[in-house]
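Listed next: structures, encoded as structure tokens.
Note that chain A is present in both complexes that follow, paired respectively with chain B and with chain C.
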Partner chain A sequence: MRPVAAASDPTRHFFQPIIVCLTVASVALTLFVIWISLHDLSLMRAGREKFVGLDNYIRFLGDPRAMAALWRTVLFTVLATVIEIALGLAVVLFLDRDFAMKRLVRTLLLVPIIMTPVVVGLTWRFLFDPATGMANYLLSLVGIAQVDWLGSPRIALFSVLVADIWQWTPFVILLVMAALESAPTDPLNAARVDGAREWQVTWYVLLPMLRRALAIVALIRAIDSIKAFDLFYIMTRGGPALSTETLNYYGYIVAFTNFDISYALAIAIILTVFTNVALLTMYSVLFPKTGDR
Partner chain B sequence: MARRALFYVGLALLLLAVLFPLYWVVVTSFKTTRDAFAIPPVWLFSPTLDNYRTVFANRGFLSAFANSFIVSILSSALAVAVGSVAAYGLAQQPAELRRAREKFILSLRIAPALLFVIPMYYLATRIGALNKHWLLIAAYAFVNVPFAISLLITFFDDIPKELRDAARVDGAREFSIFWHVYLPAARGGIIATLILCVLFTWNEFFVALVLTGRDTQTLPVSITSFLTFQGIQWGALTAAATLIMLPMIVLGVLVQGQVVRGMTLGSVKG
Partner chain C sequence: MAQLSIRSVSKSYGAVQVLDDVSVEVEEGSFVVLLGPSGCGKSTLLHAVAGLNPIDSGSIVIGDRNVTNLPARERDVAMVFQSYALYPTMTVAQNIAFPLKMRGLDRRTSDEKVAGVARLLQIEPLLSRLPRELSGGQRQRVAIGRALVRDPRLFLFDEPLSNLDAALRTELRAEIKRLHQSIRRTMVYVTHDQTEALTLADKIVVLKAGKIEQTGTPLSLYDDPDNVFVAGFIGTPRMNFLKATVVDDGKALTAGEARVDITHLKARLDNGRTVTLGIRPEHLDEKEGVTLSLAVDVTERLGSTSYVHGALPSGETVVAERREDQPRFGETITLRFQPTRARIFDAEGNRIR
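Take a look at the complex of A and B:
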């Protein structure tokens, strides 16, 4: 048989044109984006842009609104990722037994994941309505005073977080469940035969086996939380008093409300760099050994 | 016995938490305005289709439905067609080369949409393409191609290498192996990939918000028009929300085994 990697290998023609297209497109896009971010391009006065060097990046460092948005993004991402993983893992361990209708439960867990995010935002805005929403009605049943879920600057970010947790914890559950089912059961039984208690089996044998799946789902959830937009746009529009404005959302406002696209792209670039640094850090913590994959 | 009962109570609570918000929206869409805002909530009521009549009388919503349909089908078909060719080639490569390519494809996913939407918006205003369907189809195809490639590779990997070797011994050309052996063998995976692309495109909001004009608005953008300054028309809104999500829930349940695989790009097989 011929070596498959030979230069004449015809299978190369199947993917190379597309890879080249994607590469050219992303390189051109990157250069264009950097070029714009070094100018003061605004849609309000097109055609009169001039080179401003790193001004947009310096402006970012001195922009308290941007800094607050960055901090909020970090807070939201860390809380969403940690809570979703912890809650998801707890549910997986809870469901780890044979019971009737397990398949049906799995199908039902899929529903939040494939629901249109805009509809998820509307749903939770409906439930959180201060006067007629279900959330306050439930509180009134147990005699707790009404909460202004989306109208209070101290609470609104956490209300959006609740919606995010509702939508994405099932994703963690399904993914970890799949990993658990493909894991071998022999080590578990061996540990039980050796007299380990049930919590010891879970902690020392089961969790290490799930590490790779948990690490992957943590990375995915972190990427998506940093970029979260739909729920914020629908539920709060960054308000009240900018208390739910994340960096991604601020970038959107700068670009399409103020039409200051140079500064918006500087923000987008900073967000991208920031995401990459965070991911690489997470990656090296979660996959410390090189032979892990 | 008590443990078992406790387990089912826990399971019921879990399902209640997952399904109640959805149930409440769908049920509200069949209520009159008075019932929808009654406190304490009305659990039993005589259903009405008034909200759906309002939605169907809204021409903007109907054209948004058509736009969503056209844009998600065309861009997904384009992405899967291009993606399956590339994925076939990549699936035949030695491991190191593949991993480098796959990493590159994955890295395209990390950048926030803002990064490519702003330049696209800027160029589109320059050439007057903002209100054109092809702009949206191109944007989504660009987003979906890397996804389709990464997912399709995992399906092509499931096909035994012996099939390809046997076809080559028979003197088949690469393209005919791809067309007559791989495509039929991976049919289920290709359909699943197509459905997932449609699902993501249909649900996508940010790109659509920026790149659509009056004539090309998709459903998620169009539904925000019910959030008016005069207040929110919850009745019509819940009916519209139900109409938007139901087709996707049906599609999602059809390919349920593949959703988790798709969202993790095959790194975990569900």
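Take a look at the complex of A and C:
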């Protein structure tokens, strides 16, 4: 006999069609993308594509430009996430006291987040201009030699990183600050009475209480960093000498400059799988199954 | 020698004076309760003793050390919070061991002490759990364990039972009492619950609006209150207050139709003076004495006794204990009390003895 409750639950008429639509859309699209990535579809040779099996994926493994882009993506994601979390946390702990204009400071923190990446990218491009930019001017004031911020292959990636940190650290600050404010203060006082110094209160009591919030912010930032595109597009277009080309950006080049659609989709799938594996690993490390401490 | 001396401590937040020249002496090994309604400054005072709250003036001496300007961790006190304040990310064992860890105690000694405290408080099965897996009563036991483990000079309790349900509160209250009797350590306990204060304290300090109203043993506060506030705050149901006038050249009072002899008072009162007569509900059920007639409104039956709420002919409401019968709504009963049981207060609320 069928369970009466499930069959007679009238809300199923609402949620079941939605589930069907979403399933069809995502599964169908994913299958379609995988299907195309198994061909050699190119806009240069429209209508003459044929099934090539896993050739595109094998090509990826042997493509030094792709592997370099993958490595660069990893480097950028790790650096951006770690620095933004560390810097954001430091600022939050520093701001965790009552001072005049606290609300104003908090509002100002929103500015970089609200700004469109195009504006942020252009602004930093001007700042990093080797001849007229503010960055080199400031360096000249303290007598340090000029730096070709966006023109040197060794430095450009880190210049984009600076812009990303500038734009997204405030996001970390806002979220961690909210977590800090909702955290109970009695345990901190208890720790003080129990003989802890201020750094011990922070390290043993406060930071463990903020762990969940920090982990979630780190996940969000990591996902965003892997997918970062706009800052790279505006500031360097992957240059100089491909030194800032991430996998995401390389996929864009393959699709819209080389019109090699199948290979671009293969790259996209690899990026997706890579992202999922990396984030699931990160998630299981941050939230262990045995009582998420 | 006093284990804790609070000397002329004052503190204000902006224009609000939270503590106004408060002085308390706590004897070694005694149990002192700071009692008062919410907002009277009792918690502020306790936090000041703990070193969590700087004071504006005055000094705090623990043992023979002036700790007024020392940070909390150097005061060698232990505190139990209303919210339990357990470290949410640590297990029960880690919570209890934390004060030892902060003192750099080696692992083995620490484990032994934690086990000892766990045995004393019967929380051994909980040692590997996290605070959020515990009930309120268990959490507060762990918090008490964390305070006990390092043998401090002074125990501070900040309304530790307020978040618990009634049955658990009674149980833990007895346990705290037992604990104090067995370890004989100096304890300062903040509460707004006068039952807790009366059952636990060697000495009660009644605070109101940052000032000490009266200090004394539970019985002395109950029998011999200094003012209307203390008289009304201590004892449930609270003391009845009736308006009275001095007559017969200060030999008696009239309250409604009742005439109360006050020749036992040392003070001489002028004829016609208005005073307040206070009489506790449990003293209104005597065989003989001054009579009042009460129009019964509600009777609360508690099993062993009953409390009758009603109005006097003057319109004043009175609560009276009734041990023999349980009058119903609409009945008029006669209350009797001994004049010596009555407490007399002047118009400012101060006691006339």
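To be clear about the criterion, the second predicted complex is superposed on the first by the 272 of 293 C-alpha atoms of A that agree within 3 Å, B and C clash if a C-alpha of one lies under 4 Å from a C-alpha of the other, contacts with A are read in each partner's own complex, and residues count from 1 in each chain.
Convention: a residue touches a chain if its C-beta (ideal position, glycine included) is under 8 Å from a C-beta of that chain, and two chains touch if they have at least 3 such contacts.
Bear in mind that the values here come from a model prediction, so they are computed numbers and not experimental data.
Novice: Touch check for A:190: first (chain B), second (chain C), both, or neither?
Specialist: Once the two structures are laid over each other on A, A:190 reaches chain C alone.
Novice: Taking the superposition on A as described, I'd like to know which of chain B and chain C A:258 touches: first, second, both or neither.
Specialist: It touches nothing on chain B or chain C.
Novice: Answer with first, second, both or neither: which of chain B and chain C does A:281 touch in the superposed model?
Specialist: It touches nothing on chain B or chain C.
Novice: Let me test your reading of the model: by the given contact rule, A:205 touches which partner, first (chain B), second (chain C), both or neither?
Specialist: second
Novice: After superposing on the shared chain, does chain C or chain B touch more chain A residues?
Specialist: The partner with more contacted residues on chain A is B.
Novice: On the A-aligned overlay, A:269 touches which partner chain: chain B = first, chain C = second, or both, or neither?
Specialist: A:269: touches chain B, not chain C.
Novice: Quick check on the superposed pair: does A:146 touch chain B, chain C, both, or neither? Answer first, second, both or neither.
Specialist: The answer is neither, since A:146 touches no partner chain.
Novice: Quick check on the complex: what are the chain A residues that touch chain B?
Specialist: Per the stated touch rule, the residues are 1, 4-5, 9-16, 18-19, 22-23, 25-26, 29, 32-33, 36, 41, 43, 91, 94-95, 97, 99, 105-120, 122-124, 126-127, 132, 134, 137, 166, 170-171, 174-175, 178-179, 182, 213, 216-217, 220, 223, 226-227, 229-230, 233-234, 248, 251-252, 255-256, 261, 264-265, 267-269, 271-272, 275-276, 279.
Novice: Using the touch definition from the top, list the residues of chain C that touch chain A in their complex.
Specialist: By the definition above, chain C touches chain A via 47, 50-52, 71-73, 75, 77-79, 81, 83-90, 98-99, 102-103, 130, 143, 146, 150, 156.
Novice: Which residues of chain A touch chain C in their complex?
Specialist: On the chain A side, the touching residues are 184, 186-187, 189-197, 200, 204-205, 208-209, 211, 291, 293.
Novice: Touching residues of chain B toward chain A in the complex: what are they?
Specialist: Contact set of chain B toward chain A: 7-8, 10-11, 14-15, 17-19, 21-22, 24-25, 28, 36-37, 39-41, 82, 85-90, 92-94, 97, 101, 104-105, 108-116, 118-119, 121-122, 125, 142, 145-146, 149, 165, 173-174, 178, 199, 202-203, 205-206, 209-210, 219-220, 223-224, 227, 234, 237-238, 241, 244-245, 248-249, 251-253, 256, 259-260, 263-264, 267-270.
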